[in-house]
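What follows is a set of structures to go through.
In the two complexes that follow, subunit A is the common piece, with subunit B as its partner first and subunit C second.
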Partner chain A sequence: MTDATTPGAKPAPPTGDTPAAGPTGGGTAAPYAKRLRPGIYRRHHYLAVVVFVAATAVLAPMFAESRSTQFLVNLWLVYSITGIGFYWVFGLAGRFAFCQTFMMALGGYMGAWVAQSSLEGGFLVQVALAVVASAVVATVVGLLVRRAQAFYFAIATIAVAEMGRVFFSKAEWFTGMNGTRTGIPPIRLFGRDYIAEDEVFWIFLGGLALVLLLAAVIERSPLRRDGVAARDNALVAAVVGVPTGRAQLTLFVLGSAMGGLSGALMGPWTGTTGDTSFGIELAIGIFLMLLLGGIGSMWGPVVGAAFYVAVPDLLSGFDKYATIVYGALLLVTIILMPEGIVGGLGRLRLRLEGRWRRIRPKGAVDAVG
Partner chain B sequence: MLSADGIEVRFGAVRAVDGVSLEVGDGEIVGLVGPNGSGKTTFLNAVCGVVPARGRLEVAGHPVRLGAPRVVARAGIGRVFQAPQTFEALSCIENVLLASADARARGLLGATVLRPVMWRRERRRWLEAHEALALVGLEGATATPAHMLTYGERRLLDVARAIVSAPRVLLLDEPSAGLNDSETAALGDLLLRVHEERGVPILVIEHKIDFLDRLCDRVVVLDVGRVIATGPPDEIWRDERVMSAYLGATRAEG
Partner chain C sequence: MEKFVALTASGIAYGAVLALVALGFIVLYKATGIINFAHGDLVGLGAYLAVWAVDDLNLPSVAGYLVALVLMAAVGVVMERIVRAPLRDKPVLVVVIATLAMAIVIRGLIALWQGSNPKTLVSPVGNRALHVAGAAVAQQRVVIVVVATLSIAGLVLLFQRTSFGRQVRALAADPDTAVLMGVRGTYVAMAAFALSAVFAGLAGILVAPLSAVDLNFGFSLMVTAFAVAVVGGFGSLGGVIVGALVIGLVQQLVGGYLWPEYAGLLPYILMFVVISLRPEGLIVVERSRL
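Right after this comes the complex of A and B.
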């Protein structure tokens, strides 16, 4: 799925506010149903996306004074895109996929190939074909190993990534000399070029905004709970009637497509696309972004990516001890906030509001005696 | 309503279920009893498609493929497991919604371009789910995360999830396990209420004789993977074959 088809459509909330009838009492269903909607639909996903994008648009340029800081901000934005994709694959569908960086590389090469081959496709065409290519490959992979669970899926996707690496090193017509494409033309959109870091920022922020909207509509849909059920107990979910395979495949393909998207954004930004930018370090990094930020929320990878990009840079003052301090900081974060930064903050908020006591049902126990 | 014919499950050389044929008619509550290891749960697993099995299965006269859990669920078989199987990351109503028979606008299209359809369907699904929760007495807990429920409440949630899709037959595996006497009695009331209000035939594995006497029209006894007796509860308890299967041959004779 391409960005262009991402609907920003708001759910049409049922109108009327008087609960007309009980569940069995007849009357119009809609107003009554609104009171019954699961908690996930009561959250303000769209508002959060708007606030986040607006805040980033205002704060990031103020914060990013130097070119190198702006580079890091842009890196954070593209990593957030691939991280949100991985949130669908790993966080929602519970798939241990190690091929997210392969999807990024595929998207990167595809975009570059589209730009530099006789197609000479524009920026949007590059991005669209990169997304389609990674989605198609992910569909094939997902269907082939659909029965593999947990670590078997992980191993299968590692194999896919390795095969991809070999393919990329051989297919020079596609990946360029020695698997590196250089001289990728800069982003050109609406009749102007986006070359400087602070120009690229706006394109990336727009891309992330669309991906966040897609994430919001998925959060607010039955697909999310089907994925979660398949993740937590696929067998029971299937017995219950959940289309587990379909939900997991959908989320895997969608997440992989976001990997392809971020790869396709990086090529025209840096001018090159090479296999080395998508190595094992980044593969682990994507896991880290999700675990650090919080696996239980679409905002987890966004926060985690910020940590992943910013902290090593902030620690550069520690010089040769920077790696050790970084490692220690990771450990402390994971020990103090096992549910990630977003999860930890959410728990803190609940505690402050005293919600734990209030949502405990009264009277439910009486039903069994 | 449910008709299983010659169901056979093998684990290596062991025939855990050895050609079990069993019917549950409209409006019937059938008990499935037998000593430990007699193949009761394996039989239910075979019917639900959880373990590979051979044999024939029909629901409401239509043949159903064995070994495909989701196909079986779609055919109208609701299952309650022995240990409550709730999805702890979801709220109570979401747990029930998983089992909704209405599969439309549930995937990517529903989440994106078909959102109006999805919302219409969802609202209807919420109502159904709430009705099922109300029937088991959990209407006050719809928004509660499932991990906050007690053991007994989880069992009720499983029952609600099993009945929301208006199943043609309900399979329960030792629903009273882990419940005390008053909880068991309340669960019996609930199952009778479900049976009457929804008209669902029930097949229930159970060890508690009082519970079976109260609920069941008919009891089927399994031993070493075979049906050894079937009949009304009071007759079954007097049957010699059943006594020897449960208590051992010498004890039954003496």
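Right after this comes the complex of A and C.
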């Protein structure tokens, strides 16, 4: 698997004057230093996060005039959180993990248990303990199967998810009657209840903004490079000294914690947490979010989650044929855009830029760098 | 004693079905490198096709089963055309995800065609039971073991004695070299998809009379078959058969005696422990060989 972002991540090709000539000629020192910075630092991750959050804050309330649309927008936000976590696990570390929905369920039950047991923790305590619980379980699982590669890791995480499913259905002290917690109190933050869909929206947007900032930090950090190296060629990466195991474990734990976070957000929002909300459909769905959105960028799962939430709703007019149309649409999207929507757009941009470069004289390109 | 005999019999029969399911997707994996996540839905589809052939076409049961298996082969070929052919230059991962989408399509088609109510498939031996050492063993379980043994023996002969088998083994060992030496990858892939679908359908038809046929029918079989592949190793046919019997017997005996409530967990615990201790499976084969 090749990294779809590599074209941008490579240092700029030395067109025109060679880099070696740079330091000697005093006037070209600044562009030389600029050119040496890896491309990833020149992409404005933080700016993109701010623009995205601002645009969503302005546009989403305008778009969501009805309660059901607002519900879908909120669902998109929580699915984006779990999708970004899965992007770290699967997209960056290359870990074929099937337990992201298990982590969501664990987070959801943990939050509900904290709220309803004698602890009576507030919203922030619920979320914090849910994140900690899923991170701890992910650490144990990740350490136990750290040597398993590719498909064996996938099977081990399927085993974890299935064990969790049986445990959740039996441990009623933790998961409530028949594995369903009901009557979870609504989100209460800073002395105020957030009950209506358009109130919950702001909490979820804030949560997604924090996760996106963390994603931007990771995007620029050595952790990402180590994970990608371990994913693309674990043997070579380990030989040259990349801490492959540590990078993959860290990304797996962080990603699973985001699963727990989104699960913990969903409980107080809908009032119930049940295993049925985290079934096999969602497990496949999270894969699809990443694949449809694009596996090579942190924005992939955000776009993919929008697709995943919106399309079944748009297809509801097809009535009983909806599932088939949906599946067929997925197939067509995968066949036409194997790099996902974001990846497809990126390729389009590269193609347009290539055309633009050909038109411009060579020197001008060099100045742009 | 009766309990032991009954549990052993169901363990062996369950193991035989698991072996069929696991061999189905391992054949495909070896020939094409694709893990087919629609395999569980193919198991269900086979059972539904048999129900349709017997109930709606009024065919005698064995003839109905054969019709269902022929249709399954066609489904396998169609699936290769939809899922693999347009994506063969892409990373295998993309194809794997396409099989997930295919699983959704198959499940949607079944729901549309047969509705979501569970169906029953009649067995040619009916509900009769054999009495062995005081235990009643459903004759269907004997049928399962006999048919599975014959099919697996046929598969072994196919791989050891025919040109097709040599081509699949060559593709499994080294796909690039095999194609350079004149193995026609596309035809072998189509045949492998068809063979894999037939094995899935056969497993579905065999196990269907013992339970109700519904939309989630094949999924747990598929996941347990993953466990078989892990325990038995992806390499050898023998390993898969041993793995299937071990998992079948462990689930029935340990589950039946010690821990009935959590019996369904055992294969998963077993496969998690195996992967933790031996990350490449219990039986590691140096050269991949079918």
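Methods note: the second predicted complex is superposed on the first by the 319 of 369 C-alpha atoms of A that agree within 3 Å, B and C clash if a C-alpha of one lies under 4 Å from a C-alpha of the other, contacts with A are read in each partner's own complex, and residues count from 1 in each chain.
Operating definition for what follows: contacts are C-beta pairs under 8 Å (C-beta built on N, C-alpha and C of every residue); 3 or more make two chains touch, one makes a residue touch a chain.
Keep in mind that what you see is a predicted model, and the values were worked out from it rather than measured.
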{"item": "First (subunit B), second (subunit C), both or neither touched by A:152", "value": "second"}
{"item": "Which of subunit B and subunit C A:226 touches, first, second, both or neither", "value": "first"}
{"item": "First, second, both or neither for A:287, with subunit B first and subunit C second", "value": "second"}
{"item": "Touched partner set for A:63, first subunit B, second subunit C, both or neither", "value": "neither"}
{"item": "Contacts of A:323 with subunit B and subunit C, given as first, second, both or neither", "value": "second"}
{"item": "Touching partner for A:160 - first (subunit B), second (subunit C), both, neither", "value": "second"}
{"item": "Comparing the two partners subunit B and subunit C, which touches a greater set of residues in subunit A", "value": "B"}
{"item": "Touching both subunit B and subunit C, residues of subunit A", "value": "1"}
{"item": "Touching residues (chain side subunit A, partner subunit C) in the complex", "value": "1, 144-145, 147-149, 151-153, 155-156, 158-160, 162-163, 166, 170, 280, 284, 287-288, 291, 320-321, 323-324, 326-328, 330-331, 334-335, 338"}
{"item": "Contact set on subunit A toward subunit B in their complex", "value": "1, 5-7, 9, 11-12, 14, 23-24, 29-30, 32-34, 36-40, 214, 217-218, 220-223, 225-226, 228-229, 232-233, 235-244, 246-247, 250, 254, 296, 359-369"}
{"item": "Complex interface listing, subunit B residues touching subunit A", "value": "48-50, 69-70, 72-74, 79, 81, 85, 87-91, 93-94, 97-101, 103, 105-108, 110-113, 115-116, 118-119, 122-127, 129-131, 134, 136-138, 140-145, 148-150, 152-153, 155-156, 161, 165, 179-180, 182-183, 185-187, 190"}
{"item": "Subunit C - residues contacting subunit A, complex", "value": "35, 82-83, 86-87, 90-91, 93-94, 97-98, 100-105, 107-109, 111-112, 219, 223, 226-227, 229-230, 261-262, 264-265, 268-269, 271-272, 275-276, 279-281"}
